[in-house]
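What follows are several structures.
Common to both upcoming complexes is subunit A, partnered first by subunit B, then by subunit C.
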Partner chain A sequence: MKKNNFFVLILLFWSLAPFFWQVYTSFSTTESITNPFSYVQNRWTLDNYIQVLTANPPFWRYLLNSTIVGLSSTGLTLLIATPAAYAISKSSFHVERILRLLLLAVSLFPYVLLFLSLLEIARVLGIGNNLLALSIPYSALSMPLAVLLLSSAFKDLPKDLEEAARIEGLNLWQRLRWILMPLSSPAIASTGIIIFLFSWNEYPIALTWISEVELITLPVAIARIAGSSLYSVPYGAYASATVLGSIPLIFIVLFFQRQIISGLTQGAIKG
Partner chain B sequence: MTLELKNLGRCVRKNWIIRDLNLKVDHGECLAILGPSGCGKSSTLRLIAGLDRPDEGKVFINNVDVTDISPVKRNVGMVFQSYALFPHLSVCSNLSLGLKVRGIGIKEQNIRVSKILSLMQLEHLAKRIPAELSGGQRQRVALARALLREPDVYLLDEPMSNLDAQLREELRPEIRRLILNGESPVLYVTHDQQEAMAMANRVAVIKNGKLEQIATPQELYRNPNSIFVASFIGRPQINILPTIDGVATGIRPEHIKIVNDGIKCRVIHKEWLGTNQLLYLESTLGTLRMTCDAGREIAEEININWDKKDEHSFDKSTGHTLNIN
Partner chain C sequence: MTLLFLPAGLLIIIVFGIPIVRYTWLSFHASSVLTKLEVLPNNGANWIRILGDDRFWQDAYQTVRFASISVTIEICLAILIALLLDQKINNRGLVRALSLLPWALPTTIMALGWRWIFNTPYGPIEKIFATLGLGPLNILSNPDTAWLATIIADVWKTTPFIALILLAGLQTIPNELYEAFRLEGGGKLHAFQQITLPMLKPYLIISILFRTAQAFGVFDLIQVMTGGGPASSTESLGLYAYLNALRFLDFGYSATIILLTFIILIIFTLLVWLLASKANSIRKAITS
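== the complex of A and B ==
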């Protein structure tokens, strides 16, 4: 038991230390950042946050943009992936195998290679500088993985339950709505989080599709802060922007984690 | 209300799971489908419910061909072996879901659900989810769900095989009271011959997807038409004596009597069954089973015999009963 705790501590340190360093940096003055181990008169400051939040446009604007893109991509993906996953989980053995292999191959494809052609598409269709349009490539890119995850979740549900629902008179949509989706809500929630995280962190497409400052998403905005001066690297502002950008994510994951755990205990019966 | 199967057959990967099945269940009748596991009895229920499509034949409910009608629209009530209660819904919602999707108003739903809950003595469990119920309670909820919609046919798929023996005996009269006394025909699938005999008006014995015999429990016991049926019905199992001239003779353990002068046997084992005892005998005819009064003192060497009229004769090569008379 004690040995386990020790390893847990090492693991926590390993994964959380960089984040805490970032938090520490965000509250430090430029002087203390450059001299971390020697005495500095004014070590702590809120200036970095004030600078980021009072810039034009203010930082919350980027948070809002990213939230809009994240929610719309997640919603769009789940809306299409759920029925698709159900269809795959009901296909015959061979068809299912082939579809799964194809989806896996597509989801392993390095999407960065696509961004130039995607940009071309956006130009032709005239959908650049539009936050909701950004969720189209995002959901297209997360679709294969989402369908894979959801279809195995549907497959894991006991067959009897859906058959009982058919006999009870539930048609396909009613079964999805009342039986299958509630029972696979843990899988749907975790798939949703993965999609949201992807769209929250995505950089190359966001950078190329959006040029209006009012509309850029978080990663692009943070990169702009980092490159805002030719002569110095604004570590403090950069760190505070990163911290601000992570807070919503932490809350979302914490919130859904509770859903996931309660979902697991609810589904824990068979027969 | 009636249920009729005509030439029903289902083929999976060139294997006939069930074939040439013809049977009719009358208004208010309970027919048990009895057979060893894997003989196709659950597949038959699935065909009737519409969960699988037959590759041959037709299903009629109330003389209407429902073969091509989806299970959503066939009004059948089914109880699954696993109960198949919706784990995320309370007992109450488990019951009302079927009414809700049929567009029945909330008021009417509540009236019908609370009526069935009190009939099944489940009122105090209405707010619980299935995980919080015992096996017997889940079984009662599953029955209640089937009863609630007043279906045209009841399909019970080994409804009690997950319960312990005592609970089974408690539930039997309840199933009889609630379902078997109604108007709808009942198909009761089981591998337990005792349960089939106790519950059903008629029993269909199935072997390897083929109907072996269909008759009343008494008829199956008295006049089995094959070795298979004779061995499947009646406990302790029938004795099959060595074949003479291609004829195998069967004699039930309860028909063997201890006499002064007869076949000499040595008693190798005794099992006490309460009202009677089961003796395992070694004789020139092989190992035999016989039952006799529990109070009777049994010597180590006994003589046995039986009435000729209690014998069953089977053609050894086909397994069918021979009509000697």
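== the complex of A and C ==
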């Protein structure tokens, strides 16, 4: 027991130390940033945060952009994945097996390699620089996992229930809306949160689709800050940007850890 | 029924299928600044060029090295963490949530964080070495160490994800199995070899395959942490393809890079899959 606690401490230190170093740096004056371990007279400051929040565009703009993309992608994915998952869960054994294997293979694909073609599609359709349009590739990329998760959730429901509803005269949409979806809401929630996290964090496609600085998402904004001055010293502003960008995710992880973990592990097991 | 699957199927085909076809076609054409971005056939010149492109093969070597070493470390660490989290520990939920944090944060955020940690001369690592009278290490500006720093950051970020999947696997193993083994006089290490590893195997294989494919496509981490430098020693194939398209504006060649990367990835993943699924028989052959 004592030994375990010791290892848990090491694990937590390893997981959190890099983040705490960012927090520490974000509140430090330039002087103390360059001398982290020695005595400095004016150690603490809020300037880094003020600088980031009053920049043009202000930092919260990127948080807002990412939230828009995250929510719209999650909505669109669930809207398309739910009927597809229902279809798979009702299909014959062999068809189901083949479709599941195909979806699994597709979900292994490192999607970063798609960026060039997706960029061309965006140009042809003229949907670059549009936050809502970004949810189309994001839905497609999250689709395999979403369909896998939802179809196994539908399959786990008792068959008689839907049969009874059908005999009562409920059509497919009503059955989905009033029977299947409420009963599998835990699976829908964990699928949704994982899609949201993916869309919030996605980088290569957001980088190539969005060029207007007012519209860039948080990961792109961070990378842009990083690239703007590769060799300059004052990391304080960068650090405060990374801390601000992390706060929403820290809350999501703490509140929804159960759903996130169940979504991730179900994806691996049922796939 | 088919109609219900249609939108999802179409979307997947458009986003995953069209690019492969388009890349194949584009790889036999020139489309760059020289052709004023017009697409003209060039008789396989891209493919001839790529075979002799040292930078491509150097990046391929770096990508394979990055993927194999980081996935190996991640799997080993993840097994240990999963075993630890499977024990009775205080506040297990909170510990699990906190250790998941590195995975949940955007890669660019923590790539920037790690760049700062490895910074010379102001990062904490350099400072600690300096107080010991050692250094400067110049971790990120030395081609021999920069790639190791990117592996540390990748291990930090993705190990919790694998650990959780393995933890789910551990929880499917019935306790009776261990009880019976103990009653027959088997030691703990033996129980790990005879029960835990074989029962975890499907989980291990899926995590290894998934992580290998994803590590092969590493992009955000490298672009933000090192920019591919120093001297393109940390440059991945994904980053090289990106640079060719958006910096050198050579789309034909970029498509060729992506396609060959894809082929190498398939071969590499198949090899890893063979190794992982045959690991048991190989181990038996060595020990017997």
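Here is the rule we go by: the second predicted complex is superposed on the first by the 233 of 271 C-alpha atoms of A that agree within 3 Å, B and C clash if a C-alpha of one lies under 4 Å from a C-alpha of the other, contacts with A are read in each partner's own complex, and residues count from 1 in each chain.
In the analysis below, contacts are C-beta pairs under 8 Å (C-beta built on N, C-alpha and C of every residue); 3 or more make two chains touch, one makes a residue touch a chain.
Note that the coordinates shown come from a computational prediction; the quantities given were computed from them, not determined experimentally.
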*Looking at the overlay, does A:D156 come into contact with subunit B only (first), subunit C only (second), both, or neither?*
neither
_With both complexes superposed on chain A, which partner does A:P204 reach: first (subunit B), second (subunit C), both or neither?_
second
*For subunit A, which side has the bigger count of touched residues, subunit B or subunit C?*
C
*With the two structures laid over each other on chain A, which partner does A:E214 touch: subunit B (first), subunit C (second), both, or neither?*
neither
*Residue overlap on subunit A between the subunit B contact set and the subunit C contact set?*
268-269, 271
*Okay, in this complex, where on subunit A does subunit C touch?*
1, 4-5, 7-8, 11-12, 14-16, 18-19, 21-22, 25, 33-34, 36-37, 80-81, 83-84, 86-88, 90-91, 99, 103, 106, 108-121, 136-137, 139-141, 143-144, 147, 197, 200-201, 203-204, 208, 218-220, 222-223, 225-227, 230, 233, 235, 238-239, 242, 245-246, 249-250, 252-254, 257-258, 260-261, 264-265, 268-269, 271
*Residue ranges of subunit A touching subunit B (in the complex, touch as defined)*: 158, 160-161, 163-171, 174, 178-179, 182-183, 266-271
*What residues on subunit C touch subunit A, complex-wise?*
1-2, 4-5, 7-9, 11-12, 14-16, 18-19, 22-23, 81, 84, 87-90, 93, 95-102, 104-117, 119, 122, 124, 127-128, 131, 156, 160-161, 164-165, 167-169, 203, 206-207, 209-210, 213-214, 216-217, 219-220, 223-224, 227, 238, 241-242, 245-246, 251, 254-255, 258, 261-262, 265, 269
*Report the residues of subunit B in contact with subunit A in the complex, numbered from low to high.*
49-51, 70-73, 76-78, 80-88, 97-98, 101-102, 129-131, 145, 149, 162
